[in-house]
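To keep things clear, I will list the structure first and then write my remarks on it.
All chains are identified by letter, namely A, B, C and D, in their written order; residue positions are counted from 1 within each chain.
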Amino acid sequence: MSEIDPQQLAERCAKAMFEQDQASQKLGMKIESVAPGRAELSMTVTEDMIQGHGSCHGGYLFTLADSAFAFSCNTYDKRTVASGCSIDYVYGASLGDRLIATAEEQSRGGRTGVYDITLTNQDGATVALFRGKSYQVRGSVIDSEEQS
Amino acid sequence: MSEIDPQQLAERCAKAMFEQDQASQKLGMKIESVAPGRAELSMTVTEDMIQGHGSCHGGYLFTLADSAFAFSCNTYDKRTVASGCSIDYVYGASLGDRLIATAEEQSRGGRTGVYDITLTNQDGATVALFRGKSYQVRGSVIDSEEQS
Amino acid sequence: MSEIDPQQLAERCAKAMFEQDQASQKLGMKIESVAPGRAELSMTVTEDMIQGHGSCHGGYLFTLADSAFAFSCNTYDKRTVASGCSIDYVYGASLGDRLIATAEEQSRGGRTGVYDITLTNQDGATVALFRGKSYQVRGSVIDSEEQS
Amino acid sequence: MSEIDPQQLAERCAKAMFEQDQASQKLGMKIESVAPGRAELSMTVTEDMIQGHGSCHGGYLFTLADSAFAFSCNTYDKRTVASGCSIDYVYGASLGDRLIATAEEQSRGGRTGVYDITLTNQDGATVALFRGKSYQVRGSVIDSEEQS
(Lines give C-alpha, C1' and ligand atoms only; values in the text may rest on other atoms or scores of the structure.)
Protein backbone atom coordinates (compact mmCIF):
# COMPACT_ATOMS: atom_id res chain seq x y z
CA MET A 1 0.00 0.00 0.00
CA SER A 2 3.06 2.25 0.10
CA GLU A 3 2.36 3.80 -3.28
CA ILE A 4 -1.10 5.10 -2.34
CA ASP A 5 -1.45 8.58 -0.93
CA PRO A 6 -3.33 9.17 2.34
CA GLN A 7 -6.34 10.78 0.65
CA GLN A 8 -6.72 7.94 -1.84
CA LEU A 9 -6.33 5.41 0.95
CA ALA A 10 -9.04 7.12 3.00
CA GLU A 11 -11.39 7.04 0.01
CA ARG A 12 -10.71 3.38 -0.73
CA CYS A 13 -11.31 2.48 2.94
CA ALA A 14 -14.60 4.36 2.98
CA LYS A 15 -15.76 2.70 -0.24
CA ALA A 16 -14.88 -0.77 1.06
CA MET A 17 -16.60 -0.20 4.40
CA PHE A 18 -19.72 1.36 2.95
CA GLU A 19 -20.29 -1.54 0.55
CA GLN A 20 -20.50 -3.90 3.52
CA ASP A 21 -22.37 -1.54 5.82
CA GLN A 22 -25.98 -2.52 5.32
CA ALA A 23 -27.03 -0.57 8.39
CA SER A 24 -25.80 2.80 7.13
CA GLN A 25 -27.06 2.08 3.60
CA LYS A 26 -30.56 1.12 4.73
CA LEU A 27 -30.84 4.34 6.72
CA GLY A 28 -30.12 6.34 3.57
CA MET A 29 -26.79 7.66 4.77
CA LYS A 30 -24.53 9.20 2.18
CA ILE A 31 -20.79 9.81 2.47
CA GLU A 32 -20.36 13.47 1.56
CA SER A 33 -16.60 13.52 1.96
CA VAL A 34 -13.76 11.61 3.56
CA ALA A 35 -10.12 12.44 4.30
CA PRO A 36 -7.48 11.05 6.66
CA GLY A 37 -9.07 11.21 10.13
CA ARG A 38 -12.19 12.92 8.80
CA ALA A 39 -15.59 12.03 7.36
CA GLU A 40 -18.84 13.81 6.60
CA LEU A 41 -22.08 11.85 6.32
CA SER A 42 -25.64 12.97 5.67
CA MET A 43 -29.03 11.40 6.45
CA THR A 44 -32.66 12.51 6.26
CA VAL A 45 -35.02 11.85 9.19
CA THR A 46 -37.76 9.45 8.06
CA GLU A 47 -41.02 8.33 9.69
CA ASP A 48 -39.40 5.15 10.93
CA MET A 49 -37.07 7.26 13.07
CA ILE A 50 -39.82 9.06 15.03
CA GLN A 51 -40.18 8.12 18.71
CA GLY A 52 -42.67 8.54 21.55
CA HIS A 53 -42.33 12.30 21.94
CA GLY A 54 -42.81 13.04 18.21
CA SER A 55 -39.21 13.85 17.31
CA CYS A 56 -36.33 11.83 15.92
CA HIS A 57 -35.30 8.98 18.23
CA GLY A 58 -31.95 9.81 19.80
CA GLY A 59 -30.79 6.40 18.65
CA TYR A 60 -30.81 7.53 15.02
CA LEU A 61 -28.94 10.74 15.79
CA PHE A 62 -26.41 8.55 17.55
CA THR A 63 -26.31 6.06 14.67
CA LEU A 64 -25.52 8.74 12.09
CA ALA A 65 -22.79 10.20 14.30
CA ASP A 66 -21.47 6.72 15.04
CA SER A 67 -21.19 5.92 11.34
CA ALA A 68 -19.32 9.16 10.69
CA PHE A 69 -17.05 8.22 13.57
CA ALA A 70 -16.44 4.74 12.11
CA PHE A 71 -15.62 6.10 8.67
CA SER A 72 -13.26 8.76 10.04
CA CYS A 73 -11.24 6.42 12.26
CA ASN A 74 -10.95 3.76 9.54
CA THR A 75 -9.26 6.00 6.98
CA TYR A 76 -5.76 4.58 7.52
CA ASP A 77 -6.57 1.01 6.45
CA LYS A 78 -6.12 -0.16 10.04
CA ARG A 79 -9.25 -1.92 11.19
CA THR A 80 -10.57 0.17 14.06
CA VAL A 81 -13.63 -0.25 16.29
CA ALA A 82 -15.42 1.90 18.83
CA SER A 83 -14.71 1.25 22.49
CA GLY A 84 -17.15 3.82 23.80
CA CYS A 85 -19.07 6.92 22.80
CA SER A 86 -21.02 9.74 24.35
CA ILE A 87 -23.61 12.08 22.92
CA ASP A 88 -25.07 15.35 24.17
CA TYR A 89 -28.31 16.53 22.66
CA VAL A 90 -28.52 20.22 21.85
CA TYR A 91 -31.53 20.66 19.58
CA GLY A 92 -34.30 18.30 18.46
CA ALA A 93 -34.56 16.85 14.96
CA SER A 94 -37.88 16.36 13.19
CA LEU A 95 -39.36 14.45 10.24
CA GLY A 96 -37.67 15.52 7.01
CA ASP A 97 -34.67 17.19 8.59
CA ARG A 98 -31.47 16.74 6.62
CA LEU A 99 -28.70 15.99 9.10
CA ILE A 100 -24.97 16.27 8.55
CA ALA A 101 -22.43 14.52 10.76
CA THR A 102 -18.91 15.92 10.59
CA ALA A 103 -16.23 13.77 12.22
CA GLU A 104 -12.80 15.09 13.13
CA GLU A 105 -9.91 13.31 14.78
CA GLN A 106 -8.85 14.93 18.06
CA SER A 107 -6.06 12.55 18.99
CA ARG A 108 -4.58 9.29 17.76
CA GLY A 109 -1.69 7.43 19.31
CA GLY A 110 -0.85 3.81 19.95
CA ARG A 111 -4.01 1.85 19.29
CA THR A 112 -6.50 4.40 20.57
CA GLY A 113 -8.00 7.62 19.31
CA VAL A 114 -10.59 10.26 20.17
CA TYR A 115 -12.94 11.68 17.54
CA ASP A 116 -15.47 14.51 17.79
CA ILE A 117 -18.58 14.42 15.66
CA THR A 118 -20.85 17.44 15.30
CA LEU A 119 -24.39 16.87 14.08
CA THR A 120 -26.04 19.81 12.34
CA ASN A 121 -29.32 20.24 10.49
CA GLN A 122 -30.14 21.87 7.14
CA ASP A 123 -30.20 25.30 8.82
CA GLY A 124 -26.73 24.88 10.29
CA ALA A 125 -28.04 24.48 13.85
CA THR A 126 -26.09 22.11 16.07
CA VAL A 127 -28.29 19.11 16.88
CA ALA A 128 -25.90 16.99 18.93
CA LEU A 129 -22.26 16.68 19.96
CA PHE A 130 -20.77 13.19 19.93
CA ARG A 131 -17.36 11.99 21.13
CA GLY A 132 -16.08 8.57 20.16
CA LYS A 133 -13.17 6.55 21.50
CA SER A 134 -11.58 4.20 18.96
CA TYR A 135 -9.49 1.10 19.36
CA GLN A 136 -7.37 -0.35 16.57
CA VAL A 137 -7.68 -4.12 16.24
CA ARG A 138 -5.88 -6.50 13.88
CA GLY A 139 -6.47 -6.47 10.18
CA SER A 140 -6.93 -4.21 7.22
CA VAL A 141 -10.07 -2.29 6.31
CA ILE A 142 -9.87 -2.82 2.57
CA ASP A 143 -8.77 -6.44 2.56
CA SER A 144 -11.02 -7.61 5.37
CA GLU A 145 -14.00 -6.12 3.59
CA GLU A 146 -13.03 -7.70 0.29
CA GLN A 147 -12.53 -11.09 1.89
CA SER A 148 -15.75 -11.23 3.89
CA MET B 1 -54.00 10.72 38.84
CA SER B 2 -53.87 10.40 42.65
CA GLU B 3 -55.90 7.18 42.72
CA ILE B 4 -53.52 5.26 40.49
CA ASP B 5 -50.69 3.30 42.07
CA PRO B 6 -47.09 3.81 40.86
CA GLN B 7 -46.90 0.44 39.12
CA GLN B 8 -50.14 1.01 37.20
CA LEU B 9 -48.98 4.50 36.29
CA ALA B 10 -45.67 3.16 34.98
CA GLU B 11 -47.51 0.61 32.83
CA ARG B 12 -49.93 3.19 31.45
CA CYS B 13 -47.05 5.54 30.59
CA ALA B 14 -45.18 2.78 28.80
CA LYS B 15 -48.28 1.77 26.83
CA ALA B 16 -48.97 5.37 25.78
CA MET B 17 -45.35 5.98 24.75
CA PHE B 18 -44.95 2.74 22.86
CA GLU B 19 -48.06 3.34 20.76
CA GLN B 20 -46.48 6.54 19.44
CA ASP B 21 -42.95 5.23 19.19
CA GLN B 22 -42.68 4.11 15.59
CA ALA B 23 -38.91 3.86 15.84
CA SER B 24 -38.90 1.27 18.62
CA GLN B 25 -41.81 -0.63 17.05
CA LYS B 26 -40.19 -0.82 13.62
CA LEU B 27 -37.04 -2.25 15.15
CA GLY B 28 -39.05 -5.07 16.70
CA MET B 29 -38.49 -3.95 20.28
CA LYS B 30 -40.72 -5.48 22.92
CA ILE B 31 -41.34 -4.15 26.42
CA GLU B 32 -40.65 -7.10 28.67
CA SER B 33 -41.45 -5.31 31.91
CA VAL B 34 -41.80 -1.85 33.37
CA ALA B 35 -41.93 -0.48 36.92
CA PRO B 36 -41.34 2.94 38.51
CA GLY B 37 -37.85 3.97 37.37
CA ARG B 38 -37.28 0.67 35.58
CA ALA B 39 -37.85 -0.92 32.18
CA GLU B 40 -36.71 -4.03 30.34
CA LEU B 41 -36.81 -4.15 26.54
CA SER B 42 -35.78 -6.85 24.09
CA MET B 43 -34.77 -6.75 20.41
CA THR B 44 -33.33 -9.25 17.92
CA VAL B 45 -30.41 -8.23 15.69
CA THR B 46 -31.56 -8.28 12.04
CA GLU B 47 -29.66 -7.99 8.75
CA ASP B 48 -30.49 -4.31 8.48
CA MET B 49 -28.47 -3.72 11.64
CA ILE B 50 -25.19 -5.16 10.34
CA GLN B 51 -22.36 -2.70 9.68
CA GLY B 52 -19.02 -2.58 7.92
CA HIS B 53 -17.17 -4.96 10.20
CA GLY B 54 -19.88 -7.69 10.03
CA SER B 55 -21.36 -7.19 13.47
CA CYS B 56 -24.31 -5.21 14.80
CA HIS B 57 -23.90 -1.46 14.26
CA GLY B 58 -23.25 0.21 17.60
CA GLY B 59 -26.06 2.60 16.73
CA TYR B 60 -28.62 -0.16 17.18
CA LEU B 61 -27.16 -1.27 20.49
CA PHE B 62 -27.39 2.36 21.53
CA THR B 63 -30.95 2.68 20.20
CA LEU B 64 -32.21 -0.30 22.19
CA ALA B 65 -30.55 0.98 25.36
CA ASP B 66 -31.83 4.49 24.67
CA SER B 67 -35.41 3.23 24.34
CA ALA B 68 -35.14 1.31 27.62
CA PHE B 69 -33.78 4.53 29.16
CA ALA B 70 -36.71 6.56 27.77
CA PHE B 71 -39.29 4.09 29.07
CA SER B 72 -37.70 3.89 32.52
CA CYS B 73 -37.47 7.66 33.07
CA ASN B 74 -41.02 8.28 31.81
CA THR B 75 -42.74 6.01 34.36
CA TYR B 76 -43.97 8.85 36.58
CA ASP B 77 -46.16 10.54 33.96
CA LYS B 78 -43.77 13.49 33.86
CA ARG B 79 -42.61 14.02 30.31
CA THR B 80 -38.86 13.45 30.39
CA VAL B 81 -36.22 13.61 27.66
CA ALA B 82 -32.57 12.63 27.38
CA SER B 83 -29.96 15.36 27.78
CA GLY B 84 -26.99 13.11 27.10
CA CYS B 85 -25.91 9.49 27.08
CA SER B 86 -22.77 7.41 26.98
CA ILE B 87 -22.18 3.81 25.97
CA ASP B 88 -19.25 1.47 26.50
CA TYR B 89 -19.03 -1.60 24.32
CA VAL B 90 -18.05 -4.80 26.08
CA TYR B 91 -18.87 -7.63 23.67
CA GLY B 92 -19.98 -7.72 20.04
CA ALA B 93 -23.50 -8.62 18.93
CA SER B 94 -24.19 -10.64 15.78
CA LEU B 95 -27.04 -11.45 13.43
CA GLY B 96 -29.84 -13.21 15.29
CA ASP B 97 -28.70 -12.29 18.78
CA ARG B 98 -31.54 -11.63 21.20
CA LEU B 99 -30.62 -8.56 23.22
CA ILE B 100 -32.13 -7.45 26.52
CA ALA B 101 -31.79 -3.88 27.82
CA THR B 102 -32.39 -3.48 31.54
CA ALA B 103 -32.77 0.12 32.72
CA GLU B 104 -32.47 1.12 36.35
CA GLU B 105 -32.75 4.54 37.94
CA GLN B 106 -29.59 5.56 39.80
CA SER B 107 -30.69 8.99 40.95
CA ARG B 108 -33.59 11.36 40.42
CA GLY B 109 -33.98 14.80 41.95
CA GLY B 110 -35.26 18.15 40.79
CA ARG B 111 -35.70 17.84 37.03
CA THR B 112 -32.74 15.57 36.34
CA GLY B 113 -31.95 11.91 36.72
CA VAL B 114 -29.30 9.32 35.95
CA TYR B 115 -30.19 5.87 34.60
CA ASP B 116 -27.96 2.87 33.97
CA ILE B 117 -28.85 0.45 31.21
CA THR B 118 -27.16 -2.93 30.86
CA LEU B 119 -27.35 -4.70 27.52
CA THR B 120 -27.03 -8.48 27.62
CA ASN B 121 -27.40 -11.19 24.99
CA GLN B 122 -29.29 -14.50 25.05
CA ASP B 123 -26.37 -16.14 26.88
CA GLY B 124 -26.38 -13.56 29.64
CA ALA B 125 -23.13 -11.96 28.46
CA THR B 126 -22.88 -8.19 28.92
CA VAL B 127 -22.81 -6.54 25.48
CA ALA B 128 -22.73 -2.88 26.49
CA LEU B 129 -23.11 -0.51 29.43
CA PHE B 130 -25.11 2.66 28.84
CA ARG B 131 -25.64 5.65 31.14
CA GLY B 132 -28.37 8.17 30.41
CA LYS B 133 -28.99 11.63 31.85
CA SER B 134 -32.64 12.67 31.86
CA TYR B 135 -34.29 16.06 31.99
CA GLN B 136 -37.94 16.55 32.93
CA VAL B 137 -39.78 18.99 30.66
CA ARG B 138 -43.35 20.25 30.82
CA GLY B 139 -46.29 18.00 30.21
CA SER B 140 -47.69 14.58 30.93
CA VAL B 141 -46.65 11.35 29.25
CA ILE B 142 -50.12 9.82 29.01
CA ASP B 143 -52.04 12.95 28.01
CA SER B 144 -49.49 14.28 25.56
CA GLU B 145 -49.46 10.97 23.77
CA GLU B 146 -53.24 10.77 23.64
CA GLN B 147 -53.51 14.34 22.37
CA SER B 148 -50.94 14.11 19.65
CA MET C 1 -24.42 45.69 33.41
CA SER C 2 -25.59 46.87 30.01
CA GLU C 3 -22.71 49.32 29.57
CA ILE C 4 -19.99 46.70 29.93
CA ASP C 5 -18.68 44.93 26.87
CA PRO C 6 -18.58 41.13 26.71
CA GLN C 7 -14.80 40.93 27.05
CA GLN C 8 -14.74 43.18 30.10
CA LEU C 9 -17.62 41.23 31.62
CA ALA C 10 -15.77 37.94 31.09
CA GLU C 11 -12.68 39.35 32.80
CA ARG C 12 -14.63 40.71 35.75
CA CYS C 13 -16.41 37.38 36.20
CA ALA C 14 -13.11 35.50 36.14
CA LYS C 15 -11.54 37.87 38.66
CA ALA C 16 -14.52 37.57 41.03
CA MET C 17 -14.59 33.78 40.79
CA PHE C 18 -10.86 33.32 41.18
CA GLU C 19 -10.74 35.41 44.35
CA GLN C 20 -13.18 33.00 46.00
CA ASP C 21 -11.76 29.83 44.46
CA GLN C 22 -9.39 28.58 47.11
CA ALA C 23 -9.12 25.20 45.41
CA SER C 24 -7.75 26.56 42.14
CA GLN C 25 -5.49 29.04 43.96
CA LYS C 26 -3.99 26.42 46.26
CA LEU C 27 -3.13 24.24 43.28
CA GLY C 28 -1.16 27.09 41.74
CA MET C 29 -3.49 27.58 38.82
CA LYS C 30 -3.12 30.78 36.84
CA ILE C 31 -5.67 32.31 34.48
CA GLU C 32 -3.74 32.91 31.26
CA SER C 33 -6.63 34.42 29.37
CA VAL C 34 -10.40 34.65 29.38
CA ALA C 35 -12.98 35.73 26.81
CA PRO C 36 -16.72 35.14 26.34
CA GLY C 37 -17.15 31.35 26.39
CA ARG C 38 -13.40 30.77 26.62
CA ALA C 39 -10.70 30.43 29.26
CA GLU C 40 -7.11 29.28 29.40
CA LEU C 41 -5.58 28.14 32.69
CA SER C 42 -2.13 26.81 33.53
CA MET C 43 -0.82 24.63 36.38
CA THR C 44 2.46 22.89 37.17
CA VAL C 45 2.44 19.26 38.37
CA THR C 46 3.79 19.13 41.95
CA GLU C 47 4.83 16.23 44.19
CA ASP C 48 1.47 16.30 45.96
CA MET C 49 -0.19 15.38 42.67
CA ILE C 50 1.75 12.14 42.09
CA GLN C 51 -0.18 8.89 42.44
CA GLY C 52 0.47 5.17 42.78
CA HIS C 53 1.89 4.61 39.30
CA GLY C 54 4.40 7.51 39.54
CA SER C 55 2.60 9.97 37.28
CA CYS C 56 0.17 12.83 37.89
CA HIS C 57 -3.10 11.63 39.47
CA GLY C 58 -5.88 11.85 36.88
CA GLY C 59 -7.86 13.77 39.46
CA TYR C 60 -5.54 16.75 39.11
CA LEU C 61 -5.69 16.69 35.33
CA PHE C 62 -9.46 16.66 35.71
CA THR C 63 -9.38 19.46 38.30
CA LEU C 64 -7.39 21.79 36.04
CA ALA C 65 -9.71 21.08 33.11
CA ASP C 66 -12.74 21.47 35.34
CA SER C 67 -11.57 24.88 36.54
CA ALA C 68 -11.00 26.03 32.96
CA PHE C 69 -14.51 24.76 32.19
CA ALA C 70 -15.97 26.68 35.15
CA PHE C 71 -14.24 29.92 34.17
CA SER C 72 -15.29 29.63 30.52
CA CYS C 73 -18.98 28.97 31.20
CA ASN C 74 -19.20 31.74 33.82
CA THR C 75 -18.09 34.54 31.49
CA TYR C 76 -21.59 35.97 30.97
CA ASP C 77 -22.25 36.86 34.61
CA LYS C 78 -24.88 34.12 34.80
CA ARG C 79 -24.03 31.77 37.62
CA THR C 80 -23.41 28.42 35.98
CA VAL C 81 -22.48 25.02 37.42
CA ALA C 82 -21.33 21.71 35.98
CA SER C 83 -23.91 18.97 35.59
CA GLY C 84 -21.48 16.36 34.31
CA CYS C 85 -18.09 15.94 32.72
CA SER C 86 -16.01 13.34 30.96
CA ILE C 87 -12.29 13.04 30.42
CA ASP C 88 -10.22 10.90 28.09
CA TYR C 89 -6.55 10.47 28.86
CA VAL C 90 -4.18 10.68 25.93
CA TYR C 91 -0.69 11.10 27.37
CA GLY C 92 0.68 10.96 30.91
CA ALA C 93 1.82 13.99 32.88
CA SER C 94 4.84 13.92 35.19
CA LEU C 95 6.37 15.92 38.02
CA GLY C 96 7.23 19.44 36.84
CA ASP C 97 5.13 19.38 33.71
CA ARG C 98 3.51 22.70 32.90
CA LEU C 99 -0.05 22.02 31.81
CA ILE C 100 -2.36 24.31 29.88
CA ALA C 101 -6.13 23.85 29.81
CA THR C 102 -7.90 25.59 26.94
CA ALA C 103 -11.69 25.74 27.25
CA GLU C 104 -13.96 26.51 24.30
CA GLU C 105 -17.73 26.72 24.17
CA GLN C 106 -19.27 24.24 21.74
CA SER C 107 -22.92 25.06 22.30
CA ARG C 108 -25.01 27.21 24.62
CA GLY C 109 -28.78 27.50 24.58
CA GLY C 110 -31.49 27.75 27.19
CA ARG C 111 -29.84 26.96 30.52
CA THR C 112 -27.38 24.36 29.27
CA GLY C 113 -24.09 24.35 27.42
CA VAL C 114 -21.33 22.05 26.24
CA TYR C 115 -17.66 23.02 26.58
CA ASP C 116 -14.55 21.24 25.30
CA ILE C 117 -11.32 21.54 27.22
CA THR C 118 -8.00 20.41 25.77
CA LEU C 119 -5.13 19.76 28.15
CA THR C 120 -1.64 20.14 26.69
CA ASN C 121 1.84 20.06 28.20
CA GLN C 122 4.84 22.37 27.75
CA ASP C 123 5.78 20.53 24.54
CA GLY C 124 2.36 21.03 23.00
CA ALA C 125 1.40 17.35 23.36
CA THR C 126 -2.25 16.66 24.11
CA VAL C 127 -2.53 15.19 27.62
CA ALA C 128 -6.30 14.83 27.94
CA LEU C 129 -9.59 15.78 26.31
CA PHE C 130 -12.38 16.91 28.62
CA ARG C 131 -16.01 17.69 27.81
CA GLY C 132 -18.18 19.54 30.32
CA LYS C 133 -21.93 20.03 30.45
CA SER C 134 -23.03 23.25 32.15
CA TYR C 135 -26.27 24.27 33.76
CA GLN C 136 -27.19 27.89 34.47
CA VAL C 137 -28.69 28.43 37.93
CA ARG C 138 -30.03 31.61 39.51
CA GLY C 139 -27.82 34.49 40.39
CA SER C 140 -24.95 36.59 39.16
CA VAL C 141 -21.29 35.59 39.14
CA ILE C 142 -19.90 38.98 40.14
CA ASP C 143 -22.48 39.90 42.77
CA SER C 144 -22.75 36.48 44.36
CA GLU C 145 -19.00 36.38 44.77
CA GLU C 146 -18.88 39.85 46.27
CA GLN C 147 -21.68 39.08 48.71
CA SER C 148 -20.37 35.78 50.00
CA MET D 1 1.52 -15.51 43.40
CA SER D 2 -0.50 -18.71 42.93
CA GLU D 3 -0.64 -19.46 46.66
CA ILE D 4 -2.31 -16.17 47.57
CA ASP D 5 -6.10 -15.93 47.64
CA PRO D 6 -7.88 -13.17 45.71
CA GLN D 7 -8.86 -11.22 48.83
CA GLN D 8 -5.31 -11.23 50.19
CA LEU D 9 -3.99 -10.24 46.78
CA ALA D 10 -6.44 -7.32 46.59
CA GLU D 11 -5.32 -6.11 50.02
CA ARG D 12 -1.63 -6.40 49.18
CA CYS D 13 -2.16 -4.49 45.93
CA ALA D 14 -4.04 -1.71 47.73
CA LYS D 15 -1.35 -1.44 50.41
CA ALA D 16 1.44 -1.26 47.81
CA MET D 17 -0.40 1.35 45.73
CA PHE D 18 -1.40 3.52 48.65
CA GLU D 19 2.16 3.73 49.98
CA GLN D 20 3.25 5.31 46.68
CA ASP D 21 0.14 7.41 46.18
CA GLN D 22 1.12 10.76 47.62
CA ALA D 23 -1.88 12.44 46.01
CA SER D 24 -4.48 10.31 47.77
CA GLN D 25 -2.56 10.42 51.06
CA LYS D 26 -2.19 14.21 51.03
CA LEU D 27 -5.92 14.60 50.51
CA GLY D 28 -6.58 12.56 53.63
CA MET D 29 -8.16 9.64 51.79
CA LYS D 30 -8.56 6.41 53.73
CA ILE D 31 -9.12 2.95 52.28
CA GLU D 32 -12.17 1.66 54.14
CA SER D 33 -12.23 -1.71 52.41
CA VAL D 34 -10.97 -3.49 49.34
CA ALA D 35 -11.88 -6.77 47.63
CA PRO D 36 -11.38 -8.20 44.13
CA GLY D 37 -12.86 -5.60 41.76
CA ARG D 38 -14.05 -3.42 44.64
CA ALA D 39 -12.82 -0.61 46.85
CA GLU D 40 -14.29 1.86 49.31
CA LEU D 41 -12.46 5.10 50.10
CA SER D 42 -13.38 8.00 52.35
CA MET D 43 -12.31 11.66 52.42
CA THR D 44 -13.39 14.78 54.31
CA VAL D 45 -13.95 18.05 52.42
CA THR D 46 -11.39 20.62 53.62
CA GLU D 47 -11.07 24.37 53.04
CA ASP D 48 -8.51 23.80 50.29
CA MET D 49 -11.20 22.02 48.27
CA ILE D 50 -13.67 24.91 48.19
CA GLN D 51 -14.18 26.64 44.83
CA GLY D 52 -15.70 29.80 43.45
CA HIS D 53 -19.32 28.99 44.23
CA GLY D 54 -18.63 28.09 47.90
CA SER D 55 -18.96 24.33 47.59
CA CYS D 56 -16.46 21.52 47.06
CA HIS D 57 -14.65 21.79 43.72
CA GLY D 58 -15.89 19.07 41.39
CA GLY D 59 -12.26 18.17 40.82
CA TYR D 60 -11.98 16.81 44.35
CA LEU D 61 -15.17 14.79 44.04
CA PHE D 62 -13.70 13.39 40.84
CA THR D 63 -10.31 12.75 42.48
CA LEU D 64 -11.83 10.73 45.33
CA ALA D 65 -13.92 8.68 42.89
CA ASP D 66 -10.92 8.27 40.60
CA SER D 67 -8.78 6.92 43.43
CA ALA D 68 -11.49 4.42 44.40
CA PHE D 69 -11.62 3.43 40.73
CA ALA D 70 -7.83 2.97 40.60
CA PHE D 71 -7.79 0.83 43.75
CA SER D 72 -10.69 -1.35 42.58
CA CYS D 73 -9.26 -2.09 39.12
CA ASN D 74 -5.78 -2.83 40.49
CA THR D 75 -6.86 -5.63 42.83
CA TYR D 76 -5.63 -8.46 40.59
CA ASP D 77 -1.94 -7.46 40.62
CA LYS D 78 -2.16 -6.51 36.96
CA ARG D 79 -1.05 -2.92 36.55
CA THR D 80 -4.10 -1.07 35.25
CA VAL D 81 -4.63 2.57 34.31
CA ALA D 82 -7.64 4.72 33.47
CA SER D 83 -8.37 5.37 29.80
CA GLY D 84 -11.33 7.66 30.43
CA CYS D 85 -13.89 8.60 33.05
CA SER D 86 -17.16 10.46 33.36
CA ILE D 87 -18.88 12.01 36.35
CA ASP D 88 -22.42 13.24 36.90
CA TYR D 89 -23.06 15.55 39.80
CA VAL D 90 -26.18 14.86 41.81
CA TYR D 91 -25.86 16.83 45.05
CA GLY D 92 -23.35 19.41 46.26
CA ALA D 93 -20.71 18.73 48.91
CA SER D 94 -19.71 21.30 51.52
CA LEU D 95 -16.91 21.99 53.97
CA GLY D 96 -16.64 19.19 56.51
CA ASP D 97 -18.68 16.66 54.59
CA ARG D 98 -17.45 13.09 54.96
CA LEU D 99 -17.56 11.49 51.52
CA ILE D 100 -17.50 7.78 50.72
CA ALA D 101 -16.60 6.46 47.26
CA THR D 102 -17.73 2.91 46.57
CA ALA D 103 -16.24 1.32 43.45
CA GLU D 104 -17.70 -1.78 41.83
CA GLU D 105 -16.56 -3.64 38.74
CA GLN D 106 -19.24 -3.79 36.06
CA SER D 107 -17.30 -5.68 33.42
CA ARG D 108 -13.75 -6.92 32.85
CA GLY D 109 -12.50 -8.78 29.81
CA GLY D 110 -9.34 -8.76 27.72
CA ARG D 111 -7.40 -5.72 28.84
CA THR D 112 -10.33 -3.41 29.50
CA GLY D 113 -12.89 -2.97 32.21
CA VAL D 114 -15.75 -0.71 33.31
CA TYR D 115 -16.17 0.37 36.94
CA ASP D 116 -18.96 2.33 38.58
CA ILE D 117 -18.20 4.52 41.55
CA THR D 118 -20.93 6.02 43.72
CA LEU D 119 -20.08 8.99 45.90
CA THR D 120 -22.22 9.46 49.00
CA ASN D 121 -22.05 11.83 51.96
CA GLN D 122 -22.34 11.19 55.71
CA ASP D 123 -26.15 11.24 55.42
CA GLY D 124 -26.18 8.58 52.72
CA ALA D 125 -27.19 11.04 49.99
CA THR D 126 -25.73 10.37 46.54
CA VAL D 127 -23.31 13.20 45.68
CA ALA D 128 -22.04 11.98 42.29
CA LEU D 129 -22.00 9.00 39.93
CA PHE D 130 -18.69 8.19 38.25
CA ARG D 131 -17.93 5.63 35.55
CA GLY D 132 -14.34 4.65 34.79
CA LYS D 133 -12.87 2.74 31.86
CA SER D 134 -9.70 0.81 32.70
CA TYR D 135 -6.88 -0.47 30.55
CA GLN D 136 -4.44 -3.14 31.71
CA VAL D 137 -0.83 -2.34 30.86
CA ARG D 138 2.32 -4.40 31.45
CA GLY D 139 3.65 -5.08 34.91
CA SER D 140 2.62 -6.04 38.37
CA VAL D 141 1.05 -3.74 40.95
CA ILE D 142 2.95 -5.07 43.95
CA ASP D 143 6.36 -5.49 42.34
CA SER D 144 6.32 -2.27 40.36
CA GLU D 145 5.50 -0.34 43.50
CA GLU D 146 8.22 -2.07 45.51
CA GLN D 147 10.79 -1.48 42.80
CA SER D 148 10.09 2.17 42.23
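The working rule: a residue touches a chain if its C-beta (ideal position, glycine included) is under 8 Å from a C-beta of that chain, and two chains touch if they have at least 3 such contacts.
Only a predicted model underlies this, so the values are computations on that prediction, with no experimental measurement involved.
Participant: Which chain has its C-alpha centre farthest away from the C-alpha centre of chain A?
Facilitator: Relative to chain A, the chain whose C-alpha centre sits farthest away is D.
Participant: How many Å are there between the centre of chain B and the centre of chain D, using C-alpha atoms for each centre?
Facilitator: 30
Participant: Report the inter-chain centroid distance for chain C and chain D in whole angstrom, where each centroid is the mean of the CA atoms.
Facilitator: Chain C and chain D have C-alpha centres separated by 23 Å.
Participant: Taking each residue of chain A in turn, which ones touch at least two of the other chains?
Facilitator: In chain A, residues 83-84, 86, 88, 133 touch at least two other chains, as defined above.
Participant: Chain adjacency by touch: line, ring, star, complete or other shape?
Facilitator: Complete.
Participant: Where on chain A does chain B make contact in their complex?
Facilitator: 16-18, 20-24, 26, 47-54, 57-60, 62-64, 66-67, 70, 74, 79, 81-89, 144-145, 148
Participant: In their complex, what parts of chain D are in touch with chain A?
Facilitator: 83-84, 86, 112, 133
Participant: Which chain A residues qualify as touching chain C in the complex?
Facilitator: Residues in contact with chain C: 86, 88, 90-91, 106-107, 109, 114, 116, 118, 126, 129, 131, 133.
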